[in-house]
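Several structures are given next for inspection.
Here come two complexes built around subunit A, the first alongside subunit B, the second alongside subunit C.
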Partner chain A sequence: MLSFEFILNALVAGLLLGGFYAALSAGLSLSFGLLDVVNIAHPAFILFGSYLTFYVNEHFGVDPIIAGLVFAVPAYFVGVAVYRIYYNSFEKTGAESLRGLVFFFGLFFLIEVILIITFGVDYRLVRAFYIGKSTSIGPVGIAFRLFVPFLVGGILATVLYLFLTKTFFGRAIMGVAQDSLAVQLMGVDPIRIKTVAFGIGIATAVIAGSLLIIIGPVEPTIGREYIGRVFAVTVLGGLGSMTGTLVGALILGVAESFTSSFFGPSWALAVSFGILLICLAVRPSGLFGR
Partner chain B sequence: MGRIIRHVILGFALLLAVSIAFTPAAQAAKEVKIGFSMALTGPLGPAGKAALLAMEIWRDDVNAKGGLLGRKVKLVYYDDQTKPANVPGIYAKLLDVDKVDFIVSGYGTNLIVPALPIAMERGMVFMGLFGLDANAKFKYNNYFQIMPAGPDPIVDWSVGFFELAAKQKPRPKTIALLSADSEFARNAVNGARRNAKKYGFKVVYDQRYPFPGTSDFTPILRAVKAANPDLFYVGSYPGGSVGIVKAAHEIGLEPKLFGGGMVGLQYTAIQMNLGKLLNGITNYWFWAPEKTLKFPGIEAFLAKYQKEAPKQKLDPLGYYLPPFAYAYVQVLGQAIEATKSFDQAKIGAYIRNNTHSTVVGNVKFGKNGEWATSRTFQVQLQDITSNKMSEFSKEGKMVVLYPEEFKSGNLIYPYAKGK
Partner chain C sequence: MNKERKIFLIVAAVLIVGSFLITTHMENRFYYKAAYVVLQYVVLATAWNILGGYTGYVNFGTAAFFAMGAYTAVALIKTWKPPLYVLLVTGGLVSGLLGLGIGYLTLRLRGVFFSIATLALAVVLQMIVSNWDYVGGGAGTAVLKPRSVPMFSNYDEFLFFVMAALAVVSVAIAWLIEKSWIGRGMAAIRDNEEAAECMGVPILKLKLFATTVSGALMGIAGAPFSYFVVYIEPTSAFHLDYAVNSLAMPMIGGTTTWLGPLVGAVLVGTAQQIATVTLSSEMNLLIVGSLLVGFVVFAPDGLVGLFGKVRARFAGKEA
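This part shows the complex of A and B:
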């Protein structure tokens, strides 16, 4: 059972899964990791993206990835509006810690109810030419259903990393995360920066939603399954680090895959969260946290 | 003058009597209230909503004929969100606040078990909707469960799969077992484990996967493939079933017989998405449009259901749960009519001692309120050529292989040949 081929396939499956987790968590890494906004509704926005993708795929045959990218644009503006409400109602008055959390919980359930009313409670799936097909590179089998989300997730994390480190706006976001007052003294409006960053976070959530529905069927409450996982990836990687998010996601993906392959799938989640706990005990700021 | 006053008083009294007679409270007293929790959201929400529609069709059918013993039927229900923790509170409210006359269960083992102690405590008849051996520990004599699993449900549920496997030549020798980590799936695979022992198949893989929480089944199925089983029995929920079927195709997993206890393959949306990937899978089934399964009333019921389901965005064909959701309240209604009583003990005794003609065929309850004899079909999906819905409403696509009495075709063996 412990052949080289088997180990290699488990590793590749884990990396593919990790890439998908990175896509799910990238937006949260921006909002929670950098801006300190506990957007517990992030998985609901992901699911919202899944349903938008489902709609255009079902009715117009649009490819899920293209649908995700197109819907990311209006999603950005939704994110901007949500942050404005959050800022004016909670952050501005210093009431963001508990009431802000309740706000995002409320938003989570609101999105679920909207999805139930609009799309019903049935399972929804999409079709694309690459779903259900696979290829082999030597002894390694690769399912396109998992490879496409891995690829898009990796590109998404890389683009966000380059944006945050190489552009003025990205550096401004990092600056706000480090010292909001210092950025303000340099003539930059931190609220505007945070608004844009939150909008980008929601846009990436919608792209991640299109990946989620490629991997498997969705129903309106499935977002709850991912709350723990996306926060675990963000915390494991280190708050505010996009590299950390990618590495953390890959570690959890590989850990799940190896556990499922060698010790049985029922241990997979326990091992993943065990790794998170050990990491936090040894390095409380996460792998790449400052 | 006194005569006029008497007439005025009489007039007011009549007016008062008429108005009282037509108050909502008086109308409500004439209704038979049937209370239940139902999974209208959450993982079992899609099937739960379809079940509710079926129950509403039954209510309308009964009320169109004048109700039960002259009283109109009213359904009182709350969404349990597929959370067992919500169930006891819902039934307490139904009985103590809504004052329902009867209670029936929500959908699924996990949602039935928390309600059973309440039904027992109040001495009420409790019709169950798709509980797998839910009454095994309680042994409540007024519990009756409509899923045709049989008197020993955990074992009978999968016996058809093993009967089919045992008849093949050369006889398969090994089996892999995989289940979702939930009560229903665990029970299904526990039964399969016992059957594997009984039929002499060696278990070479036996694992559970986290439910919910498993996004990718590829590593799991690679481990199954490495164990090289002849048979692969799966107990899974819809999301997992889709993931398992796709991953099996992606990694080229080809046991000789594949399927067993996969929930979701019976849902039209999932069938339309998986299409040809379903070919060759042998799985449990409860109803299919096969010539051997044309029970009295089933087609009339499905016509009503299929007219309404698209409006409510529900499973458009409704072959899986809806006929049984209709049948379990149909049995209760027939018992009330037959006993001419609302007495729980009399109704319970009637249901226990008689055979009931329903849209899912003749139902006779036995030990622990389960069907006296098992009628869980094993169906093989054959000759599916497209993803269109019409493909799944045709005869010959979901071929009944077991039990013999309802057989509508032959098994294509091994699985790879039927793919």
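This part shows the complex of A and C:
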């Protein structure tokens, strides 16, 4: 039972899962980690992306990844609109801690209910040529439905990292995270920066949604499970660190993979919440915290 | 103050006696079922508000405390079928202890992290209960309610009466807290925890008190649940509806007073009962969600706050 191959397979599956978790959490790392916007509705936007992908895949046969990338553009504007409401109603008056949180929770619930009403509670899945195939390197089997999201997730995290560190706009976002007032004194409007950053966050959520439905079938209420996962990854990695998010995601993926291999899949969910609680108790600033 | 307390106690007693008298005159069982659900939300919303509205810690895990009470009761019913008041007390005790535990979390977790921890609690507890075969596991279990109960013509009417009494008691507890130094201390924590601590407010004690009372009330509300639904399973007992409703109702009614959750629960709860019958249960959730988002954005102080503003405006015109 406890062979070397078994452990190796669990490890590889976990790393692949981790890359996917990086894609899920990248947007949250941007909005929550850098800008302190507690977007608890992030998983709901991911799921929304999954269903958009499902719709165009089912009716027009569009490849899920392409669908995700295309829908990321309108999602950006949705994100901009959501942040505008959030800023004007809560952040401006300093009421974000309680009512802002409730606002995002309400948004999360609303999206879930809308998905239930439009698509029903059945599991939905997509079709693509790479889903269902797998390859093997030596004793390790690699399923393409895990490998493709891993690849896209890794690219997404890398692009975001380069964007944040190399471009003017990305550095402005980092600047707002460090000292909003100083950025303002340099003649940059921090609210505009935050709006754009939040929009990008939602756009990546929709791309992550297309990956989610590649990995497995989705139903409207699984968003809840991902609240724990995405927040665990962002906190474990350290708020505001894209490298941290990637590392945190890989750790969570491996931990979950081992838990479900040894104790059964029904316990995998406890891992993310466990990591989150331990991390908050022992080292709240995370691995790569600012 | 003393006169106010007397009036409040009299109104509370009248309400309890009144709900008993209703059971001797009204026959239609549907109304009892509907009223039970609304009253249950009065308890949950009031309990949520003691922690969320007064102290400022947003609890997303109402379902955890509620289901803990419900499943404690199921475990007891499976072993020796004690009378209902034993179920209420133990349900309250277990969820109160759970609340105390969550209270210690507030030492390290504030804001969104506390909220996520409570949500985590709900998810993890649901997982544990789903794997616990004694109380039915994931498939659920049927619970036989007692055949008869003295003074009431059937058990549904009795449950309605019990829940009505619980609703009155929990609103009274919220009222007492709000009018005492405890309530003022909680408000200080809500506004600024560090400043409150510096001014000598015993913040840990008050936070533990808030989480324990809030959790215990939710557990008591959940204890009769298995008798009410007859067949209990984890998905329904841990449903996200409880978290959303118990948070939406105070938000819609107004979070800073005892009146807010009461008004919110009665209005929204009744509207939900009507919407479930006339439209569909999904539509009723859509309505609650939209109301919640609409109210936090446009009417931050809820209906009570709106009413106060309108009254102030009229008073201003007269002057």
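Just so we're on the same page, the second predicted complex is superposed on the first by the 265 of 290 C-alpha atoms of A that agree within 3 Å, B and C clash if a C-alpha of one lies under 4 Å from a C-alpha of the other, contacts with A are read in each partner's own complex, and residues count from 1 in each chain.
Note that in this section a residue touches a chain if its C-beta (ideal position, glycine included) is under 8 Å from a C-beta of that chain, and two chains touch if they have at least 3 such contacts.
Just so you know, these numbers come straight off a predicted model, no measurement behind them.
Of the two partner chains, neither subunit B nor subunit C is touched by A:R171.
More residues of subunit A lie in contact with B than with the other chain of the pair subunit B and subunit C. Touch criterion met: A:I116 reaches subunit B and subunit C at once. Of the two partner chains placed by superposition, subunit B and subunit C are both touched by A:T221. Of the two partner chains, subunit B is the only one that A:G132 touches; subunit C does not reach it. When the shared chain is aligned, no partner comes close enough to touch A:R84: not subunit B, not subunit C.
Touch criterion met: A:L146 reaches subunit B, while subunit C stays clear of it. Looking at subunit A, you'll find residues 112, 116, 221, 224-225, 266, 269 touch subunit B in one structure and subunit C in the other. Those residues of subunit B lying in contact with subunit A across their complex are 40-43, 45-46, 48-49, 81, 181, 207-210, 212-216, 218-220, 222-223, 226-227, 238-239, 242-243, 246-247, 249-252, 264, 267, 269-270, 273, 277, 312-315, 387. Here subunit A touches subunit B in the complex through residues 1, 3, 6, 9-10, 13-14, 16-17, 20, 112, 116, 119-125, 127, 131-134, 141, 143, 145-146, 215-217, 219-222, 224-225, 229, 256-258, 260-262, 264-266, 268-269, going by the rule given at the top. By the touch rule above, subunit A contacts subunit C in their complex via residues 32, 38, 40, 85, 89, 95, 97-99, 101-103, 105-107, 109-110, 112-114, 116-117, 221, 224-225, 227-228, 231, 235, 266-267, 269-270, 273, 276-277, 280-281, 284. Within the complex formed with subunit A, the residues of subunit C that make contact are 52, 56, 58, 60, 108-109, 111-113, 115-117, 119-120, 123-124, 127, 130-131, 190, 240, 244, 247-248, 251, 282-283, 285-286, 288-290, 292-293, 296-298, 300.
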